[in-house]
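I've put the structures underneath this note.
In the two complexes that follow, subunit A is the common piece, with subunit B as its partner first and subunit C second.
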Partner chain A sequence: MIRNRVLFVLAAAIAVAALALPFLSFAPNRLLSGQGIALAAALEMPRGLALLAPGAVLLAVPFLRPSRGATAASVAAALLVGAGLLWLAGLHAAELAATAPPAARTSFGSGFWAMEAAALLAALDGARRLGLPAPGRIALGLATALLLAAPLAAGQLDQLSILKEYANRRDAFSDAVLRHGAIVAAALVPTLALGLPLGVLAQRRPTVGRLLFPVLNIVQTIPSIALFGLMLAPLSALSAAFPSLGIAGVGMAPAVIALTLYSLLPIVRNTAAGLDGVPEPVREAARGMGMTPAQLFLRVDVPLALPVLLAGFRITLVQAVGLAAVAALIGAGGLGAIMFQGLFANALDLVLLGAVPVILLALAADALLRLAEALLPLPGGRRAV
Partner chain B sequence: MTRPMIAFEGVTKRFGSWTAVDGVSLAVEEGEFCVLVGPSGSGKSTLLRMVNRLAAPDAGAVRVAGEDIAGLAPEALRRRMGYVIQSVGLFPHWTVARNIATVPVLLGWPRARVRERVDALMRLLNLDPDRFRGLYPHQLSGGQQQRVGVARALAGDPPVLLMDEPFSALDPITRGTLRTELAQIHRKTGKTILFVTHDMDEALALADRIAVLEQGRLVQHATPREILTRPADGFVRDLVGREEWGLKRLAVETAGERARPDAPPPSEQPPGEPLPGDMPLRRALSEMIARGVDRLPVMDAEGRPAGVLHLADLVRS
Partner chain C sequence: MTGRRFWQVFGLLADRLVLAVLALVLLLYGMPLLKPFFAALYPTLDRPMYEGDGFAALAADHMALVGLSSLAAAAAGVLAGLAVTRPWGAEFRGLVEALATAGQTFPPVAVLAVAVPAVGFGAAPALIALTLYAVLPIVQNTIAGLEGVPAPVLESARGMGMRPAAILLRVELPLAAPVILAGLRTAVAINVGTAAIASTVGAKTLGLPIIVGLNGANPAYVIQGALVVAALAVVVDLGFDRLALLLSRWQRA
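What follows is the complex of A and B.
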């Protein structure tokens, strides 16, 4: 009998992908489409056991009586499957490279992506079921990151196409990462400078909120490409009229403005919601004790609203990291530029070289801020779960 | 008792078209324990909140120690007044000690003095400092939270205490204990207290004078005994309670007041532990029933015989 349907479906998906989908794809050069290579080809014994053993555990756990031990085993197995897939892909790519011409490329196949995604989902689902306290979740997150980063750091993935693309443009890549961070940081400054006061105002003056929120909501519904495009005309006009400003219709300025517009909603909304959540009797007591308005705000309102504020900041940051990739379309540079370069050149691995770091950056930003939230003393002295 | 500590002079407060407080004039002398009673919505909290300017009167004036508070800085005024809010309102992100220290910290007391004061107050309110100092409000029971609320109000050693149903939502026993503690604090410190409750027994037990509010109007302002013996109207009589009126009446007089002063010869001295002279007659009646006697000796504060209380004396008015 199946006791854990979610895990069963994920484990079955891994098994099906292993049998039916190409694990890797091998092409004579980076522009030609490749030929599928099944997982079985890479599963040479005994090293294949590194994948088969945890895979078997993952398939067995859904049939066991649910217990913390079984769940913990499934998390460990899922993480090992995830890491093992990467490791085997790297090893097999290196074996193929040894006999192939230098222009030949080995890339991840659809089977790899499907299995990797299912394995990580299974780990995430199991971790949720374990309901670990904050330190445990942080430790698990770090362990996962280390496990997946280890083959990369050890150079075992160097023969995969995506890393060959990286090796070809090492400098451009690190510039793009820095540029990406700079766009996001440049957008966060005006976002916070405008968003925090607007949030306070919207909470104190309901009329302001009623006018502001519909506008910010509409901005959020504009597709990002359209919004970036909309920035072009007015900024070009501005730069034509006042060339001394140094603002251009393309590049950093429109990207930062558009990102700021998108980022305002979560910041303003969460600032207002956080302040709304401060209990009225507590504010009345603070006033009754003789706190000045500034003391009331800094000593009562802000600390009590802080968890919601931080959540808003996290949403904003993750969203901005993703949207900044699109900003490359209007010449802002960043990781998006690498992605679009790959798209236009029909080089899938170049697209990945841009996209994967964006995803990792967003995940890292999310994890770091969740960590900050978890360490924050919450109202009542409790810490976040 | 020259000028009142708190004086309402024709105070009116409206919320829209609703008049919450209607032309109230009321004086609370220095050191007096004044209790505001009245049904829910009669304007008790609103009247109280006008003393520390959390609400501003639409007409009339409030004076504290002779000064019209409309001309004072609200923050300075509030730091001179302890305030116990009806819904407790402890700061959830601060420990018990930090909560109690609120006003001393605002007043800029040195750290050591704040700490000393916090510990002293916790002991005064029967909260073991070592156990409770570092706890957060959500870790306390309702009664402990209300004690912290009272301690926080006392912390700056204010001459005036404003207490809005500080013991609501407590079981009768805890309520009784806190009531006794508050009466002791009042006796020891001589603070002027304006206390809101809609529990008439609490009012009768604590008050020097009771102010009865009905729909924002002051219908009677008098001592507990007068409220019982000469209620201003049917409303006050209902508030006092028709059913147990007699027992409440007994609650505001003491054994010493009703005892027959001439001490009988030792042979006729009724047996049993003598009652203290300041015991309310209601308790004295309870003692007689419990001991199955109709006479009990009474002693004065020094423990000397002060006469004999007869059951018949209790019904003499």
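What follows is the complex of A and C.
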């Protein structure tokens, strides 16, 4: 009798992917498409047990009587499967590299991605069922990140194509990561400097909101690539008129301006909404206590609006990480430049080297801000956790 | 022209959706007329007008990509949302919700790029990436919409002796429709923009003049493409505005 159908479906998906889909793909060089390698080929004993043992647990738990212990075991097993897949892929790639010419490439196959995704989803669902409080969730998230990063940090994945690509352009990659962060940071400064006062103003003077929000909404409607393109004309005209400003139609300036325009909406909207949410009786009481308007704003309005504000900041940050990747098209650099370079040159490992870190950056930004939201002190010194 | 006729025509022209559609059509078919303008703006360019493919043809391909992926995503998303809000599928709800939230953290452009190593260049990776991405807001809003149906309403429907299928079709879905439509709107808006970027993975869309212009240092192409993409996005947005309005009128009737 199946007691946990979710885990059963995910475990079955892992088993099917293991049997039917290629685990790795082996190509003579980086431009040719590879030949599939089944998971069985990489499951040399005894090290294959590192994957088979937790895999067996994962298949067995759905049939057990539901209990916290069984669920905890399924989470642990799912994480071990996730890490084991990475580790085995790295080891097998190293063995293949030992006998193959240096130009040969081993990359992750569709089976790897399917199994990894199913394993992480199984861990996610198990963690949800455990109903952990925030510190437990944070610890589990950190443990997951460490477990998956360990084979990478230990150099066990070095013979996989994406890391070979990284080794070829180590400096360019770290420059790109820094540049990506710089674009996002450079856009966040004017966004906050403009967005926070505008949000306060929009909440206090409804006329301002009625004028501002339609404009910001239209900006958000325009697709990023089009907005970047439309920045080109005024900025190149500006640079032609005032060459000393050092602004050009392509590069960092239009990227930062466009990112700022996009980022304003969530910040202004959430600032106004957060302040709107402060109950009027609370304000009355504060005034009754003799607080000045400045004290009222700093000690009542801001703390109470902070959770909504932080949520707006999270949306902005995650959105900006993705938009900064698109900005590479107008010469802003960053990880998007690596990604598009790969797309234009038909070098798929390069595409992954650009795209995967963009995804990881967005996930990390989201997780960090959610963490900050969870740790925010509630009024009265309590915390949300 | 009688006074009333004039106001009818004037009223139509004052409608933002009609104006936006008009602007889009003019841009699609009248762009070559702007050639002298772009030639004056960028006198150093040999070719100040994008003439590779007609803008109308590119727009048709663009809309086909967006429409196909959004339809597939709507079907999958609404079905998934329905399934996990029924008693027999409730077990999967937490997972589906977590997946929809986490998935939307992934930048669309990165999803598009990652699809290329998986399925190769062309329209296929764009179609797959757009569909996968569009499912997330639709399933999220379907769940939220169905969840928002007040329990007393369901109770009285059951009390009237309605069968579950009838309750779903005549009570739940109509009441959840505005929220589901909002999810579809989010999905389509993202897809219109991502489809433009899909020109970098070999799909022919309105992003093509922009990409060609950027790679060939031809700002006129970039601006032409950007104008059309922006106009299309505004038309789609206003169209959904209108749809939401019609839906709320129909609900009240």
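In this text, the second predicted complex is superposed on the first by the 380 of 385 C-alpha atoms of A that agree within 3 Å, B and C clash if a C-alpha of one lies under 4 Å from a C-alpha of the other, contacts with A are read in each partner's own complex, and residues count from 1 in each chain.
The rule is short, and it goes like this: contacts are C-beta pairs under 8 Å (C-beta built on N, C-alpha and C of every residue); 3 or more make two chains touch, one makes a residue touch a chain.
Everything numeric in this text was worked out from a predicted model, so none of it was measured.
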More subunit A residues in contact [subunit B versus subunit C]: C
Contacts of A:P101 with subunit B and subunit C, given as first, second, both or neither: neither
First, second, both or neither for A:P46, with subunit B first and subunit C second: neither
Contacts of A:L348 with subunit B and subunit C, given as first, second, both or neither: second
Touching partner for A:V358 - first (subunit B), second (subunit C), both, neither: second
Partner chain in contact with A:S236 - subunit B first, subunit C second, else both or neither: second
Contacts of A:V318 with subunit B and subunit C, given as first, second, both or neither: second
Subunit B partner contacts - residues on subunit A that touch it in the complex: 279, 281-282, 284-292, 295, 300, 303-304, 377-382
Interface residues, subunit A side, partner subunit C - complex: 4-6, 9, 107, 110, 113, 121, 124-125, 128-129, 218, 221-230, 232-233, 236, 249-250, 318, 321-323, 325-326, 329-331, 336, 339-340, 342-344, 346, 348-349, 351-352, 354-356, 358-359, 362-363, 366
Of all residues in subunit B, those that touch subunit A in their complex: 52, 54, 74-79, 83, 85-93, 95, 102-103, 106, 135-139, 152, 162
Interfacial residue positions of subunit C with respect to subunit A in the complex: 41, 91-92, 94-95, 98-99, 102, 105-111, 113-114, 116-118, 121, 189, 192-194, 196-197, 200-201, 207, 210-211, 213-215, 219, 222-223, 225-227, 229-230, 233-234, 237
